[in-house]
Each structure stands twice: as C-alpha cells, then as structure tokens.
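Note that the chains are named A, B, C and D in the order they appear, and that numbering of residues resets to 1 at the start of each chain.
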C-alpha cells in the first residue's frame, strides 16, 4: 500500500521532462527508470527530472537514479534535475551527484542550461 | 513549546473577524477568548471566527469556544464560524454547537448571514 | 468477507506532557495514509486520537505518566481497518455512568467540558472502553 | 551551557515491512516540530530516520522483524537537541570497515548502493553506531 509514485512525461522536440509526485523509494526509482529508458530508446538525449511533487526519497531510490545517470553518460546525453527540496539537494551534494548531473532551481533555468550546446 | 496559536483581528464597523492559525488547544482557546472578550468590551456584538489556518482542535479548546457562545447569547450578539475543516465542522455538529452558532463555508457567506437583520 | 489478520502493528509510548498528543496523531496519520484512507477520514482519526490521549493525560493519574498505544492495520490481504488502542495505568472510571453531554445544559453550566468521549464515538466507527482501578484502555476502529 | 536533561521521550516499535519507515519519519517530524526546529532541518531528520530504518529492515536479519526507536528531546529548560535511536536485534556489522562511497566508482560499479550511512552522517550533527552480533543501534542527534 501507500500511494505509489506518479510519473508523468512531457515530450518535447529533442528533450523530455519527467515529473514525479510522491515517495522515490525502490519502486518509485524503478518507475522513473522505466520511463527514462523508454525516452532514451526513443532517441532523446536530454532529460529533465522535475521532482516538484516529491518531498521524500531514500537512498535505494537514488541509487536507481545513478543508473540513469550512468546510462546518460554512456550515450553522451544530459540529465538535469530541478525543483528539489533543500534536503534532496543537500543529499545529492553529499553524494557528489551534482558532479555528474546538473541541478537547477526551476524548469526555466534547467531547460536553458540543458539545451545550450556547451 | 510547539508553536502557539496565532490570532489576528480585523475590526470593521459593527463587527470583527478573528483569524486563527494553529492548534486550538487549551492555550489556543484562551487566546481566542481573550481577543473575543476584548472585542465585546469594545461594544461589538457580531463576531466571526475564521479558522482557515486551524487544522486541529481539541475538546478543551472547543469548550472555551462554548464560553464565548454563552457570552454572545447573554449580550444578544451573534457568533459565526467559517472555513472549518470537514472534521472540525463534523465535531461541532456532533456537539450540537451549530444550534447556537452559525457555521458558514466562507467569509462572504458568513458576513452576509451575520449582518442580515434576521 | 472482511479479513481480520493484523497486517501491520506499530506501538508508541508517550509521556503525559503537553503537546505529546500531537506525536500520537502523526503516527495515526502515517498508518492511515499507509492504508490510503481518504484525507477527511484521516483527519477524523487524528482528532479521536488527540482526545483519547488528552483524556489519559488529564484524568488517569497514572503513576508512570505514560500512555501506551498500538496502531494496527487489519484486513484480508488489502488493509481494511485501522484499530488504535490507547492505554494508561491510571485510576480508571465507570464509562457506563458517563452522562451524554448536551449543549443546551453545557451553555448554562459552570463546567463546559465533558465532550471527549462523545467526539471519539462520533468520529470513529467503533469504540470500546475497558476501565478498572488498574487503568483504562480505549480501543477505537475505523474502516478504510 | 547546554543542558542535557531529557525533556521528552517517546518510543516507537515498527515492523520491518515496506513503508513502515514513513511512520518513523512522522514521529520524528512531530518531535522536531515540538522543538520548533526549522522545516528544512526537520526534513533532514526525516530523511536520516528513513535511511536508518531501511538499513535495519534490509540488513539486520533480525529474527523478531522489529525496529525499536526512541525519540528524545534534550535541553536545559528549552529544547535544544533531538536524539533518535534506531535499534535492531539483528546480525550486526563492522561500521569501521565500511568504505566511504564515491560517486565516480559507483557510476561504473554493478552495485550502486551503499549511501545510507553517508547520508545519515551528512544530514545529522552527530551519529554513533554500536553494532555486535546481538544487533545494531544507531544513535543520531541534531540540534534545534
């Protein structure tokens, strides 16, 4: 039980935004990965995870996000995160995740940053 | 500890609205009563308690509200409540409070009802 | 058929001190959310838990100044019922002798209190009280 | 001077079952709110509690499948410190032998796990682990 993570996708030309709502635990992480791998299979190399509706995560969920980061590095793509709670941002910092995935405050900054050719 | 109830007052010609934010327990009820008696002393006979920021109450707090209702009956005034959570409204119903104090969904309906001469 | 296996059981022990009833109400919320009870019904459970705790705090005179709670999720496969027990080791009382409070008389009375058990009964689906000179246990349940 | 009297103590016992860590995190929230900790710091406590619980769930192999927690508010007069203990009666481990996880190597590794204790240490002010073949107790504290 406990309501499971809701994941919604906004497919755009060349990139996609994945929105989450709920707890990113084991199953929540798997849900996100399923969606992310599908988007990658569709040829997208730029993904933004907007965690606006996620107030809690656990380290099992985050380790599944690391798998997605690994995949993105492999395909030479870009993965960004936005709208993290202060604690989730701090946790990503503790783990050093921010060296391999961009963390942005909001969606506008994220899209500007991820779509720039740099 | 635990943050105490915040009570704010909007004094209008002939009536006043009392806004609460937080837990209406013993102390919270006393806070409201202090403000209500002051407004009555100032000559106001119509009071609206807008509980928009109150998600929990306890029966000790409510019994202090009953004292205010008693006082309003004595001075032939009117006391209304608005913006109650469904559970607070149900609790007032269980106690029969709604026979002696008007309960309105929002402020507009409350002001229309309380200020009508009926 | 309503299954009645205990799917989850959590126990909480609280000191009888101001505001600690709020901790109990949060634990109740967690269990009710786990069952996916609707927010309004969760809120009703919360209020009932607060009342049962403050009764123990105020009236039990328990020498250990503690409230012992269990939160059980019951069901046959799917969670169906939340059962909460609130126990103190205090002086007890006679639940059968309690008079149903009436607002009309409370308005005139000096003592306006006496609503806690009435509220608990109104908000929960079932309530049982077991009280003796060894203490009081209130067991209250609500379906999902 | 920091007083270290225990002002409030609440105990919680949880089954080692999915989602029960959320109940622990709510109890932690209640105690931290009681102390008027800031919302961001409350959130950090919540996350640390979740990690400590899932460690016990996953790794302890405790035969009773239970986690025993205490939440203590300490201070001299005013609440100053929240101390949370998470205990299991499982197989234990050697905390000293744990390697600090590194993201660069985890990215290449098959097993990307191993972050829980690192996160707990990063989010709390102090963490002590006492582990033996009788079980593990993690005691973690955060100032208001």
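We take it that a contact is a pair of C-beta atoms (placed from the backbone, for glycine too) under 8 Å apart; a residue touches a chain by one contact, two chains touch by 3 or more.
Because the structure is predicted, anything quoted here is derived from the model rather than measured.
The chains in contact with chain C and with chain D alike are A, B. Chain D has its Cα centroid 26 Å from the Cα centroid of chain A. With centres taken as mean Cα positions, chain C sits 42 Å from chain A.
Shared contact sites, meaning residues of chain D that touch two or more other chains, fall at 19, 22, 25, 33-34.
Multi-chain contact residues, meaning those touching two or more other chains, occur in chain A at positions 1-2.
The touch graph of the protein chains shown belongs to none of the named shapes. Contacting chain pairs in the structure are A-C, A-D, B-C, B-D, C-D.
On the chain A side of its complex with chain D, the touching residues are 1-2, 23, 25, 55-60, 62-64, 66-67, 69-70, 73, 85-87, 90-91, 94-97, 99-100.
Chain contact summary for the complex, chain C toward chain B: residues 18-19, 21-22, 25, 40, 43-44, 46-47, 50-51, 54, 101-104, 106-108, 112-113, 115-116, 118-119, 122-123.
Those residues of chain D that touch chain B in the shared complex are 33-36, 78-79.
Every residue of chain D that touches chain C in the complex is listed here, in rising order: 8-15, 17, 19-20, 22-23, 25-27, 29-31, 33-34, 71. By the touch rule above, chain A contacts chain C in their complex via residues 1-3.
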